[in-house]
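For reference, the structure discussed in these notes is given below.
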Amino acid sequence: MSTEHPSAASDAAGPHSNRRALALMPDGAVRELVGADLDDIDRIRKTRHALVWLDVADPTDADLALLDREFELHPLAMEDIRKRRQRPKADVYPDQTMVVAYAVTTTPHAERAFSLDELHLFAGDRYIVSVHWGASPTVEAVHGRFHQRASTLGASAGWLLYALLDAVVDGYFPVLDLMADQIDDLEDRIIGARGGTTALREVLVIKRELLELRRVLGPMRDVANAMLRRDNDLIEEKALPYYQDLYDHLVRVLDQVDLYRDLVASTLEANLAVTSNSLNAIMKRLTAFTVLLMVPTLIAGIYGMNFRFMPELGQQWGYPAALLVMVVLDVMVALFFRNKGWF
Amino acid sequence: MSTEHPSAASDAAGPHSNRRALALMPDGAVRELVGADLDDIDRIRKTRHALVWLDVADPTDADLALLDREFELHPLAMEDIRKRRQRPKADVYPDQTMVVAYAVTTTPHAERAFSLDELHLFAGDRYIVSVHWGASPTVEAVHGRFHQRASTLGASAGWLLYALLDAVVDGYFPVLDLMADQIDDLEDRIIGARGGTTALREVLVIKRELLELRRVLGPMRDVANAMLRRDNDLIEEKALPYYQDLYDHLVRVLDQVDLYRDLVASTLEANLAVTSNSLNAIMKRLTAFTVLLMVPTLIAGIYGMNFRFMPELGQQWGYPAALLVMVVLDVMVALFFRNKGWF
Amino acid sequence: MSTEHPSAASDAAGPHSNRRALALMPDGAVRELVGADLDDIDRIRKTRHALVWLDVADPTDADLALLDREFELHPLAMEDIRKRRQRPKADVYPDQTMVVAYAVTTTPHAERAFSLDELHLFAGDRYIVSVHWGASPTVEAVHGRFHQRASTLGASAGWLLYALLDAVVDGYFPVLDLMADQIDDLEDRIIGARGGTTALREVLVIKRELLELRRVLGPMRDVANAMLRRDNDLIEEKALPYYQDLYDHLVRVLDQVDLYRDLVASTLEANLAVTSNSLNAIMKRLTAFTVLLMVPTLIAGIYGMNFRFMPELGQQWGYPAALLVMVVLDVMVALFFRNKGWF
Amino acid sequence: MSTEHPSAASDAAGPHSNRRALALMPDGAVRELVGADLDDIDRIRKTRHALVWLDVADPTDADLALLDREFELHPLAMEDIRKRRQRPKADVYPDQTMVVAYAVTTTPHAERAFSLDELHLFAGDRYIVSVHWGASPTVEAVHGRFHQRASTLGASAGWLLYALLDAVVDGYFPVLDLMADQIDDLEDRIIGARGGTTALREVLVIKRELLELRRVLGPMRDVANAMLRRDNDLIEEKALPYYQDLYDHLVRVLDQVDLYRDLVASTLEANLAVTSNSLNAIMKRLTAFTVLLMVPTLIAGIYGMNFRFMPELGQQWGYPAALLVMVVLDVMVALFFRNKGWF
Amino acid sequence: MSTEHPSAASDAAGPHSNRRALALMPDGAVRELVGADLDDIDRIRKTRHALVWLDVADPTDADLALLDREFELHPLAMEDIRKRRQRPKADVYPDQTMVVAYAVTTTPHAERAFSLDELHLFAGDRYIVSVHWGASPTVEAVHGRFHQRASTLGASAGWLLYALLDAVVDGYFPVLDLMADQIDDLEDRIIGARGGTTALREVLVIKRELLELRRVLGPMRDVANAMLRRDNDLIEEKALPYYQDLYDHLVRVLDQVDLYRDLVASTLEANLAVTSNSLNAIMKRLTAFTVLLMVPTLIAGIYGMNFRFMPELGQQWGYPAALLVMVVLDVMVALFFRNKGWF
């Protein structure tokens, strides 16, 4: 998934397409930092009071060195970037807050409905660093709004962190709506006994997807809660209701995921019930067919016996009478079964 | 669901059918505020010590502007109204408490037994604002009582908020009674094996309804609990037992919902057991029928063989004897099966 | 369930069969209060230092008025009496503790094993009020002991409240023993496959009964716990171990209920397993019967063919030989099946 | 279970076989107290600084009177001894700690793997009282060690209480090992489909046994935890790690019990799966047998028809050809089914 | 599993292959302690300020005596080493912290995917003792890094303890990846109905393995959490983020285990659903086959009757017409069944 960076060695020189840095100056202007500016971030935010956002996609060793140099990331945070597959968490170091979150992207036409994209965020005094792998539509959207100064929020790292996390969480709603439709559709097919193994496979896929969403969203809710309660400098008093709102949205998403898990579980139970019902129906029909065919076969067998003295055999009306008996008996059996509700 | 408001632009002028404002004056009289008064709510409640209740149905942009102007709602609260589908919650802003609750309305003759109607309430110093979509019978009822000064409660925003929430919670009891009847009926049908796929579908519908009730009622109980514990100016000392009562009722409703979920789960298990039992019965009968018909068929087959030397064939009594053997064997088989309990 | 009180209007005069008041005087004598004394309870307990117990069955409006006048019940407590169907709870008002509990009465020969009878208790300074609907054997028993001064407990409202709650809780043990017997019996029948739909229906009834017991006992345990922890005047230091004991008993009853729920769940699972096993056995037997009857039928069919040149047909030994082949083949098949364990 | 004590009335005189008292003197000597000494325990421990351990089996009214006289047990503790069937608990009275625990004894050759034996312990200043019903191997073992001064522990009531509880807890490990073997054995039989109803019955027995162990061990863990945390005089600072160890062992036993419950649940699920698989296999075989026998029966039926003009009937090769067709068709059917995996 | 130590008696003399001691001197050099040095550890770490690590494999009585002499282990800790099979825990004694952890080793080609190896760690002022049974690859790896001074961590017992625990936890990730592959494989086989009893047995094995991992990992997480929160001298301020990281990893491992348990549970449910579906398909086919063969058998039976007057029998076209009727009827039945989706 991580693209190759053959030019990773040439650190000092040239533009790196995987790094983008924006600086929001105190006068409200947004400047793009390129080239040598990148090695100067520290000075820009400290002496010129700018809010700097550095976004790194598919970090190389050179990028890690830059992060270490300019933002003094904790060794464990660096290792997390190297290893990836972290659990959503908020680690608070003396001058820095590190947040690991997962953004969701719908992947239509793929076997799975969405992909979960890891996102590492570092927020400190007047800077924010975002690290991700592959393109991140979520980061892209916030980047665009920030670039055009479209955001009506404040101009601190705490507000920018909120904007990013809010975009991450908002991404889950369309995915959940999609899954709700899938579940409704599956339920209809299964109750209507039109499902079969395909429906079953889809149920298992959705179940696994919900488990994975839960595994990511649960800790993310805990992160939001921890940021609310923790008394840190990063988040101003005025931003608290916004973080509360973030937390509320995560709780709502989790509620939804739990609801869907319950619905999927119901669907599987319904599937069992439907197949049981259907088996009963089939067996009743098998019994009915068997009896309906065996009764006249027995009659025919009787008149196929070779006894010399069977008076009926010599009668003109014998044959039609035998056929009549067959039909009459079958009609009686059929009426009996219909009465029992077996057809 | 939200009705159209073509006249939304003409904010300043004319009566808005979707806005209704009542003011309870210190002398106990209730006045209806219309027209220009609506832009004067702020002054009325502050200088004339009136308790103002503004009810807005299907809020338009013009309504939101009014709410912003007269009550200074928090931007996030405004956004919640715009987006809807909020989770029940109580957000406490410096001068305002915002409560999101869901009222329930039974919908007879519809596929689902009830609809859940979102209700946003804002309570502050001497005012309460209620926002809902579509007609709200719950708000209507409290409005009527308030208009006729029928309520025996105190005359503060906290009491009015209680009256509204109490009406909301009381609405759940008839819905639950209805569901209890449905569940009893379903259980009877399923145990009596008269259910089939229809009953199954109904079980799934009830299960989903209970999940949705739980999803709404759980946070509402937390809201009631938070309001009890929180030390705020809104709720006077004397009103606390009433909020405690509200909390107790919500706990009772939730208990009921959980009981019903357990009962529905039992019903599904019972369904499985009933279909299994029934399958066993069918298979026993199939076995019995098969054997009862195959035994005489075999006898008939034997006497249908074409061997030249079969002494019985030539006897006068051969045919009736063969028939007798068939009957006797079948009676024996039947007795054997009856003995085993297979009929 | 509530009996009619045509004389409810004649409040001031005459004896009310549904009200009984006892006063324990400081000298240890127990006096029955009748007629006008009832309107004088307030004075009796305050100026004469008596402990008064007023018991009301099926409260009428007149009774409620009396309760209001003499004990100043909180409006919400009055409303609870009017509405009934409250959740077990302990509400503490400034001068009064209100406890709602449920006593259990076994109802032999009825469809359900027991009935749950609501009991409202109000305890305050030197008085206790008990309100119930229909006869309450539990209250009756404590009443008798109190009347004869048989109780060895202290002479305060706290001790009397304990005596009543202890009697309520003790009532659950025989009910649980009864259910344990029913569950053992059901388990035996189901494992022995002698259950059928009747057993299933009984399992569902017991399951529902256990759910209802749990729903009542859970909050009652919380009530006992709250009374233990709460620092109130009602319960003296010396009475605390007794309330602790009450709490322990409630925990034991709940443990028992949970154990039974687990056992009932096991029973249902066992039922599924037993029916599956039994279905397997039936199918094996059906297969065996079918094959045992079809093999000789095929032989008979072969010798029933009308080919001109079938040498066996002309032989003297043909018929017995054919019968012998049938028997030999069936014996082989039977041995094969017995070997497979299908009989 | 409680043995009769005809001599219970003659309290003052004679040795009581069900009472045994040991006194550990300050000089380290252990003295057995008999006869009149028993009425003098109070003085022995108070004036002579001895640690006294009184063990009572199957307590009679006389024993209870002795306990009351010498150790001043709380009335509720006395009642608990009389009623038995208490929940494990630790009640702390001003001068006394009462612990109810359950010792386990394996009962080989019985239907159930073990019996749970109630044990009431009272510890106070320089004394401990143990009460049990029937012989208690656990108490016996500690008694022996104490008598021979084999215990390396300290000489206070707290240490002795620890020694008794430790022996109780250690008794659970062999029982659990036994159950682990049973569960492994059951799993093998069930997966190998060699279980049947017997295995099912055993699963239910084990499940019930585990539920009962859990019901006893859960509160015992809470007791150990409470003794650890509670700041009481009974347990010296140095003894705390030992009580911590006791707690750890109880947690381990409970972990084990929960593990076994999960394994037993898996076993039941596996049973369902195995019977389903087996049913499928049987049905496939039934289908195969049926078709294999019906195909030649149809051929035979066709050549058993009495049409005058059936050319094959007159041919010399007709009969063997018909037989050949039967065999060839059956071989084809058999190959088809083998190809489908139905044999 | 524990290897024999015949030379265990010769404690004072000779090298013990199962003991290895390293001392990190203040100057950064690492010295291996052998022979007499082992009895001098106490002095070396105290007067020469070295950090000593003693690793003991398969401890003998002589080893226990050494541990007692040099590190003054608590008697309970000694007993834990003797008994083994402890639960993961952290016991804090005045001068020592004891940690019991379980390292995991994959065991390819064995029936079970991994083995859990008990590891007892003792950390105190400037020393750490590790005790294990059999070879421990985890300890080996850290030992090698420590010997070559490769570790970039600090030089205190707290850091060394972290390094060991971190290695233990990292060992779980490859095991979990392996299990994820197994589960995916099983799911595919079961959904594709290619599983049978083998797959079922594997599911049960994995389920049991996950239960055992959970039983070990749960308490290990609690240990990590306790070490984080506890205010002890062992862990310096700077090491805390590392212990936090350890805790995060354990939480992630547990999340993974829980996810797998849910997936395995889904797999079993899917198995039930698949066998039910498959049974339905088989029964439909059996019904179809039965009817398809019985219909022509009935026709043949009819024309096998021996009535004298059966006009068709004398016709030239009788025989082919009968065959035609058979084929036509069967085609009709087949079309009917195909229409119903029974093929």
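Of note:
The first chain written gets the first letter, and so on, giving A, B, C, D and E; residue counts start at 1 in each chain.
Keep this in mind: a contact is a pair of C-beta atoms (placed from the backbone, for glycine too) under 8 Å apart; a residue touches a chain by one contact, two chains touch by 3 or more.
Because the structure is predicted, anything quoted here is derived from the model rather than measured.
Under the touch definition stated at the top, subunit C and subunit D share no contacting partner at all.
Residue numbering at the subunit A/subunit B interface overlaps only partly, since under half of the positions present are found in both copies. As a whole-number value, the distance joining the C-alpha centres of subunit D and subunit E reads 27 Å. One simple way to say how far apart two chains are is to compare their mean CA positions; for subunit C and subunit E this gives 44 Å.
For subunit B, the set of residues touching two or more other chains reads 272, 276, 279, 283, 286, 290, 294, 297, 301, 304-306, 310. Taken as a graph of touching chains, this assembly is arranged as a ring, one closed cycle with exactly two partners per chain.
Circular chain order, beginning with subunit C and continuing to subunit D, reads C, D, E, A, B (contacts as defined at the top).
Of all residues in subunit B, only 74, 76, 86-87, 89, 91, 93, 196-197, 200-201, 204, 207-208, 211-212, 215, 268, 271-272, 275-276, 278-279, 282-283, 285-286, 289-290, 293-294, 296-297, 300-301, 303-306, 310, 312-316, 318-319, 322-323 touch subunit A in the complex they form.
Residue ranges on subunit B touching subunit C, taken from their complex, read 187, 191, 193, 241-242, 244-245, 248, 251-252, 255, 259, 262-263, 266, 269-270, 272-274, 276-277, 279-280, 283-284, 286-287, 290-291, 294-295, 297-298, 301-302, 304-310.
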